[in-house]
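Naming follows writing order (A, B and C), and every chain is counted from residue 1.
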Amino acid sequence: MNTFDFLLKKRQSKPRISGLTMVLDKGLGIKTAEDLVDISGSYIDLMKFGWGTIILHDKEIIKNKIAMYNSFNITAYPGGTLFEIAYRENKIPQYFEEVKDLGFKAIEISDGSTTISNEEKLKYIKEAKNKDLYVLSEVGKKNPNEDLDINIKSRVKSINEEIKAGSDIVIVEAREGGKNIGIYDANGVAKEDEVDYILKNVTEPDKILWEAPNKDQQIFFILKFGRDVNLGNISTNDVTSLETLRCGLRGDTLGKI
Amino acid sequence: MNTFDFLLKKRQSKPRISGLTMVLDKGLGIKTAEDLVDISGSYIDLMKFGWGTIILHDKEIIKNKIAMYNSFNITAYPGGTLFEIAYRENKIPQYFEEVKDLGFKAIEISDGSTTISNEEKLKYIKEAKNKDLYVLSEVGKKNPNEDLDINIKSRVKSINEEIKAGSDIVIVEAREGGKNIGIYDANGVAKEDEVDYILKNVTEPDKILWEAPNKDQQIFFILKFGRDVNLGNISTNDVTSLETLRCGLRGDTLGKI
Amino acid sequence: MNTFDFLLKKRQSKPRISGLTMVLDKGLGIKTAEDLVDISGSYIDLMKFGWGTIILHDKEIIKNKIAMYNSFNITAYPGGTLFEIAYRENKIPQYFEEVKDLGFKAIEISDGSTTISNEEKLKYIKEAKNKDLYVLSEVGKKNPNEDLDINIKSRVKSINEEIKAGSDIVIVEAREGGKNIGIYDANGVAKEDEVDYILKNVTEPDKILWEAPNKDQQIFFILKFGRDVNLGNISTNDVTSLETLRCGLRGDTLGKI
């Protein structure tokens, strides 16, 4: 039982189908990670091992971290950059094999740092689904100049194609920093007209997850779409803070949810 | 015994009546928290469980955290926003009861996100004192526009009334960010004339605690008022750093204290 | 064995003579520190206990931290400010004694916050070498105005003299913040012409270690000098991230190393 439960308007508990929180693990030690989820694991749906970080870590430690996250009903998955590295090295079959072998139940398919044709990307999404993996795909380029070149229509087209190909979640890229990328301007402020356009034109809006690493971005989406919006790239330090924003337990959203 | 004790000009040890450091716990796991206070607990006087965070946490974990902090002579208390949520829900009696039941020995009475009349706020301060609680009250609004509307005279008047009603400490609001709020401008720089005015016109200046989350703000207050100024909203990562600033052990204050 | 080892282009392992990573410990608890190095200790060559932080900590805890870091082949050393405090207090002999007694195998000699003549600084570097300590010396002033007064020629002259006197590593100062200091402008952007000038005119470029606390600074140096550049003042949160940048495992350097 929680403290002050007479004050809490509970959200649906896990497994949730909306209001997902995706957290960014940049290389936490396993005890630190366990201590975090022990207190606030109920508020983490997805845990991304950021970009290529886990290549640098011992296989036993990573297996234990994945198993530990799974035991808290947190879906762990390797960052899309790792998939792209395997693609560049022509080692996608080995990549899929090791993903399964490590105990991952989810995968991210992206092309943020690599040129992959639409057809190929959709093929890999389907392949991952066939391997019984939960699939997150990501739309956007990590290089701000390249990202700007993707116009909003083509962004929506990609999202819809990827959903159709089987993506369980499509992520709108914002990186760890959240500035000058995707739907955010150089100050990290969301471009509301682009957000509206995307939501209006995608076939399954509930499958969109917005990367929103900064507090003001989280507030923007929660006030705009309600507490059950899907948000990602949340810092491990901000897990509880984000949930208080969702539930109207912090000044910024208190009385507005 | 400390390392290099022949170099240290010790501050008074706990329990202190001035030079208080109030730290912001945004949801640390209990082992992480214990590891922190094990090395630097001597420099933490007050630990605030930020805003409504603990509503989201398991009652047993929070009881254990409070007891653990108490065992290090750190006064833990729930953020004022939690009091305000109880106020809005007409559940102040249950709130006081659970505060005591969890083992808290202190409480914060604030109106940063809620309209509460002066009379009522003072009444709650007195009620908390009657329940043998250490009382922190906070002056300021969390919304920057509302906060700007509080002129400096009325700010001082509130501080004096709250001290008279029994507040042990009156906090000058700056939030977690410390910008465009209270005594700070949009860049987080302290408005020195306002600080001077407050200090000159309050009846018991030692009961003022300045929220100063950023390093430059901490340096400003330490160089202005000396190492035994009361400071708050310190990040858990900066506990040791702040104490080095107080003691002239970092370049910014070395030779100036 | 690491995960996805078929994708990793390994760097040389420790002890390394180039590509050193120096990390800043601002007062981590010992279990938190151990958990960090347990997962990513292979990527930490040097661990600096920042400025005067350890004066504030219990001698047994610090002895245990040093021994723990040593057991992971991480060279721990006290920040240069601590040396300067001892210098100001005329207690250098006791300082050297306690450094050895605590188990440190390295020391930093700096004059960032204190006026020490060139001759004296070189004398202390030699004295530390005679005591079988690994010596890091630092060039630069912590006060931005004083630091600006050091022109680039005199900076290079100091570096060369300190190398000649025995410094194993000469650190180019950037503090924890990395802005408006040394080779960085007010926005933290490296002044490339100054960096070039230094590299071109020092006798042993491999002994230079650049403080680069921010991600963009790390990327700048890695893209300019390759993955085996020496970098320092890395946050404990960014250890794995920096190594992914070095190895081309993050979007910013992927395919460019």
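Heads up, the rule we're going with is that a contact is a pair of C-beta atoms (placed from the backbone, for glycine too) under 8 Å apart; a residue touches a chain by one contact, two chains touch by 3 or more.
Nothing here was measured: the structure is a model prediction, and the numbers come from that model.
Q: To the nearest 5 degrees, please report the angle of the rotation taking subunit B's Cα atoms onto subunit C.
A: The best-fit rotation has an angle of 120 degrees.
Q: For the homomeric pair subunit A and subunit C, should the interface be classed as same or different, according to whether the shared residue numbers exceed half of all numbers used?
A: Homomeric contact, different residues on each side for the most part.
Q: Suppose each chain is reduced to the average of its Cα coordinates; what separation in Å results between subunit A and subunit C?
A: That gives a centre separation of 34 Å.
Q: Going by the contact rule already set, what residues in subunit B reach two or more other chains?
A: Residues 31-32.
Q: Residue numbers of subunit C touching subunit B in their complex, please.
A: 26-32, 50-59, 61-62, 81-82, 84-86, 88-89, 91, 94-95, 98, 102, 112-114, 142-143, 175
Q: Please name which positions on subunit C make contact with subunit A in the complex.
A: 1-8, 31-32, 34-36, 38-40, 42-43, 237-241, 243-244, 247, 249-252, 254-255
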